[in-house]
Amino acid sequence: MNFTSDNSHGVSEPILRALARANEGTAESYGADALSAAVEKAFCALFEREVAVIQVATGTAANALAIAAYTPPYGAVLCHRDSHVMTDECGAGEFYSGGAKLAGLDGEACKIAPATLSAALARMPGGDQHRTPPALLSLTQASEAGTLYSAEEIAILAKIAHERGLAVHMDGARFANALVSLDVSPAEMTWKAGVDVLSFGATKNGAMAAEALVLFDPERAQELVFRRKRAGHLLSKSRFLAAQLLAYLEDGHWLAMARHANALARRLGNGLAQVPGVRLAWPVEANEVFAILPLSLDARLRAGGARYHSWLGHSAPPSGLDSGSERFVRLVTSGLMDGEEVGRLLDLARGDG
Amino acid sequence: MNFTSDNSHGVSEPILRALARANEGTAESYGADALSAAVEKAFCALFEREVAVIQVATGTAANALAIAAYTPPYGAVLCHRDSHVMTDECGAGEFYSGGAKLAGLDGEACKIAPATLSAALARMPGGDQHRTPPALLSLTQASEAGTLYSAEEIAILAKIAHERGLAVHMDGARFANALVSLDVSPAEMTWKAGVDVLSFGATKNGAMAAEALVLFDPERAQELVFRRKRAGHLLSKSRFLAAQLLAYLEDGHWLAMARHANALARRLGNGLAQVPGVRLAWPVEANEVFAILPLSLDARLRAGGARYHSWLGHSAPPSGLDSGSERFVRLVTSGLMDGEEVGRLLDLARGDG
Amino acid sequence: MNFTSDNSHGVSEPILRALARANEGTAESYGADALSAAVEKAFCALFEREVAVIQVATGTAANALAIAAYTPPYGAVLCHRDSHVMTDECGAGEFYSGGAKLAGLDGEACKIAPATLSAALARMPGGDQHRTPPALLSLTQASEAGTLYSAEEIAILAKIAHERGLAVHMDGARFANALVSLDVSPAEMTWKAGVDVLSFGATKNGAMAAEALVLFDPERAQELVFRRKRAGHLLSKSRFLAAQLLAYLEDGHWLAMARHANALARRLGNGLAQVPGVRLAWPVEANEVFAILPLSLDARLRAGGARYHSWLGHSAPPSGLDSGSERFVRLVTSGLMDGEEVGRLLDLARGDG
Amino acid sequence: MNFTSDNSHGVSEPILRALARANEGTAESYGADALSAAVEKAFCALFEREVAVIQVATGTAANALAIAAYTPPYGAVLCHRDSHVMTDECGAGEFYSGGAKLAGLDGEACKIAPATLSAALARMPGGDQHRTPPALLSLTQASEAGTLYSAEEIAILAKIAHERGLAVHMDGARFANALVSLDVSPAEMTWKAGVDVLSFGATKNGAMAAEALVLFDPERAQELVFRRKRAGHLLSKSRFLAAQLLAYLEDGHWLAMARHANALARRLGNGLAQVPGVRLAWPVEANEVFAILPLSLDARLRAGGARYHSWLGHSAPPSGLDSGSERFVRLVTSGLMDGEEVGRLLDLARGDG
């Protein structure tokens, strides 16, 4: 019963098989291989338009490259104060951009509200040489609270950003989970809503180490191939990165994985919510459950073998937490997880375990 | 007959099997897994002392982290003018260090001679605020010319560097090839000779994407875990990086691979040297052959299906090249290569193909 | 009646004369001149201990150098959310440090309270590789609200910081104004209270362009001379920078200037506070007056020739501002200002103008 | 007899008077003052076209800002291997650009020959992700050897650079000295010959601390005002920087100063060349004399009170130096220097002293 992280789970069978298959024969190195070319084509088809793809091994690399491409060293990135780029990447965006400033905005359920964005921009006059001009809006989809921006919400935020000349980045570490939950197309959730650059995650959803920075302005790739190389993120045996992404997308594997993970999370959330004394911090819209548990329940679950993270300090729970009697926790499901584990945890929670 | 690069070859069977094996069950993420801990132990045993290991997916990341750890932003790195860190990493060392200067030194066969190092240091008074003080010496072993520094040569260079307060880095992208050729221990080729920090390569020698930054001053790891994370090089599913390194070291697999590759290169070099009109640019000491071929022979080899890179522009051939009638080329062998390919290329070269 | 900024005023007569005097004959360049050596001595005497001094032309340079010296690229600086380093230097600290993160803390009257600092540090576990470890606490004295930390308050904050391994920086752009108001010694307001590095300002208080970064750990100067040079802040004709600082300190000129400016501000603040409808945002403790004026009064003052900045957007007024009928403004006095101007403004405010 | 540096001399009378004059009354700060606006106009007139001017206090700041504006972090700057940006600014260009690479080219008399530039560019294929693409050519005028590029030579180099997409920077620390020697207009020596951005020096030629970054593409100023601020180079009392530049340009003061300095240097060079055993390293074309002196003469001059720098280690003398019996030295003249000093030095040299 390991609900600590989607990263605690391994690699899906189709992706593992694809790695073995890709191992046959020799191939061009450093991205000139046939599989890497196929990835670019697959993403163009997926997004129904020409895109450029910068393949990397980690989401932090994808996010930081996106920030660097769209934010000058003297600029500012607007993001949620509890967003991954702000709090979990040890200053990668600052590093890659050459010292840009990340400005954290408040917002319920780790989402930025349009009014909050507008107010922040009103306080940041772009032409004042004393202040870093805002250059990029970064949204996380699914958010760090496991919640979602609808395509309409994205469009509204993007419009506000674009009107002030900011570009829009989506940190899609859990892109698939959001997509299947919203039941929209990849195009609708991104460029059709105004997203300029996307960190497309695969690792959390069954890949070994594979992410794609998707550029809806393909011309940006010219700059990013240099930035990727100098960041040490151009893999020499690039075919193995490409093989993961291709297998991920093939036959809807990624969507099936995400649907399974989301369904487990919904079941988990619904089940926990019915346990006396338990509150859900936010609605379960992807594959994460944030809950406030009585300390006694928390102890029982852990004693029963359930593993998950206490989340205090990562982001604030939405309403007052009584830390003397309650614990704020995060439980994450994975497409590689067995539904039986969710059942066991719920049994434990209900005292049936 | 693909002699373009060791990176064109795939993953060895033991390493591929280890990846599948590592996929069982869940594991801690971000380096807290059991395999990552085992890697640290394995390297301590390998180097016969306490070391810290920073695992990353690329050699450029390892090199750039090493430079950043030992060179202040206002400092200088001394390296060969044709070294990989100087010419092939798109400024990664400059990026990671925050703008240090890489100063390229001349040297036959891509090796820095002690007198050259001493002379360069004499020209760089460390205490002059107008000039970047030298902070690090970086040596590549095996060198970019496929040649080797003996342990004694390393010790002499390291002594000169240390006397001026510089640390010593070894770019060991082909560490195994050098080691088996010199027939010394890992300790003798590194810290016993004065190396402070080592980029230990596995990818070129059969791994998928796995390198280790080995710190002979383990205290440095405190800083480097932050630098790795903010560079986006901390893999979430870190067990798959560790699994590669463990399988690489297990039962001397890495040494067997390197011996095989080196033997193929020696056979290739010796064979080519006997073909009329062919000169070897440098002695074949690892798994690379640099040769000057008559244009007609070059054309015959390529027509016969041999693939390799023209090397003009990468590094200068040691003696005058008649570019009207000759071509300067690099042929690389791999532990995953079939000896039969070498035979076929030599047959072609001798006109027997 | 120009109350817009202390920077709108020029250079005091003693300092201007010193510049002319320093112009006689030739001198060593780049800091090797006799006056620069005298500055170092003068600061040692002033602070009653050995210090090193890095002379620069701007306060932003001094602050950014201090941040870079004490914060690794992967570290964080704790400062007030409305502090100058956070909001008015266009990311200089981020630039000089190579991408450190500035974390803004809340606090009444632009001061950080001990409890706020402790709580912030509790949320920042230093050893988590995902998060930038806190490295430096930066305090502004006098603060951006024209308020002061007492020597005791500084000592308490410094103790909290030191216990967690942070260094303490003081942005003393208005150091003199704070000093004369607190009536303590330079030593008491700095290193005796735990300050490790000080940006000592002179420009706002009558110099042309002269600031001193004072290092209470003189060994740090070795690094900072390189950082200054590469930032372009080593003046070739350095004697003219040194001449300003020497004249500034000579015969208590700097203290006299600050006393005059502070007295004018007190008179201005007291006078305004007695005008019906006017509130002072914060107590007047140095040479700045922050006031909330009825819009009609604001209009009358401006029509009468008074110049000062509206301060909305720079920092929040302490209590609710009725922006429909009030304006939040800043008025700054200078040691070069004529007391008569204060009188005229107060006359205008009282309707006598 | 101080020939050590033009920076050892002080401030010209007209410029010192202008500083006093600028001190009257209050003024807008941070570049919004009337004098700063006048500087922009004066430079437009001087260059016979619209330009933007970024005023700073040091030449290193001007150079580094120019490099940052025209070189991406992953790019390369081509400059002479002994150029000031390469060897005397402690990595400022690398710092400001975020880690660009400065590639030093060989060249007689510190000048880059067209064939050298072409050959270097041929070795740097711009589209190879492994290598920093060349982005900027930096020329120093007058050069570090006191020699000049003719307007035609500049045009030829700029054409080569532009054809490969590089911008062209001129480090004009001794712009005036070059200009009066070539007897061309500022426009002819810069943008008409293909220069895109100019570091216009005034400090060495009589200012206190005043340089102008002149942008022939004025749109670039939008970015550079932010870069200047975050580098700490926006002076708060900006009128005093502007006052220097205005007085410098007024009534041809700058040209008169440069003509005087150049004439002294020519006389010094011609005189020394006639002394037995003395060789000039390079022709004297601006205000610097590089000479090879017999050690005995060197000793006699110094004993007689002459001061100048030994230049060994700064740049290589053009022909073999017999360091057992000769010394390579630099003597610099200034517009503020008395001709009588040159006479005394020559008398000493001829044994008449």
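Letters A, B, C and D mark the chains in the order given here, with residues in each chain numbered from 1 onward.
Everything that follows uses one rule, which is that a residue touches a chain if its C-beta (ideal position, glycine included) is under 8 Å from a C-beta of that chain, and two chains touch if they have at least 3 such contacts.
The structure presented is a predicted model; accordingly, all values stated were derived computationally and were not measured.
More C-beta pairs touch across one of A-C and A-B than the other; that pair is A-B. Relative to chain A, the chain whose mean Cα position lies farthest away is D. Chain A and chain B have Cα centroids separated by 35 Å. Centre-to-centre separation between chain A and chain D, using Cα means, comes to 51 Å. For this pair, chain A with chain C, the centres built from the Cα atoms lie 41 Å apart.
In chain B, the residues that touch at least two other chains are 30, 73-74, 89-91, 94-95, 98-99, 129-130, 132, 226, 229-230, 234.
Contact residues of chain D toward chain C in the complex are 2, 4-5, 7-11, 16, 19-20, 22-30, 56-64, 89-92, 94-96, 203-204, 208-209, 226, 229-237, 239-241. The touching residues of chain C, when paired with chain B in their complex, are 30-31, 72-74, 98-99, 129-130, 132-133, 223, 225-230, 234.
By the touch criterion stated above, chain A contacts chain C in their complex at residues 73-74, 76, 87-91, 94-95, 97-102, 123, 125, 129-132, 313.
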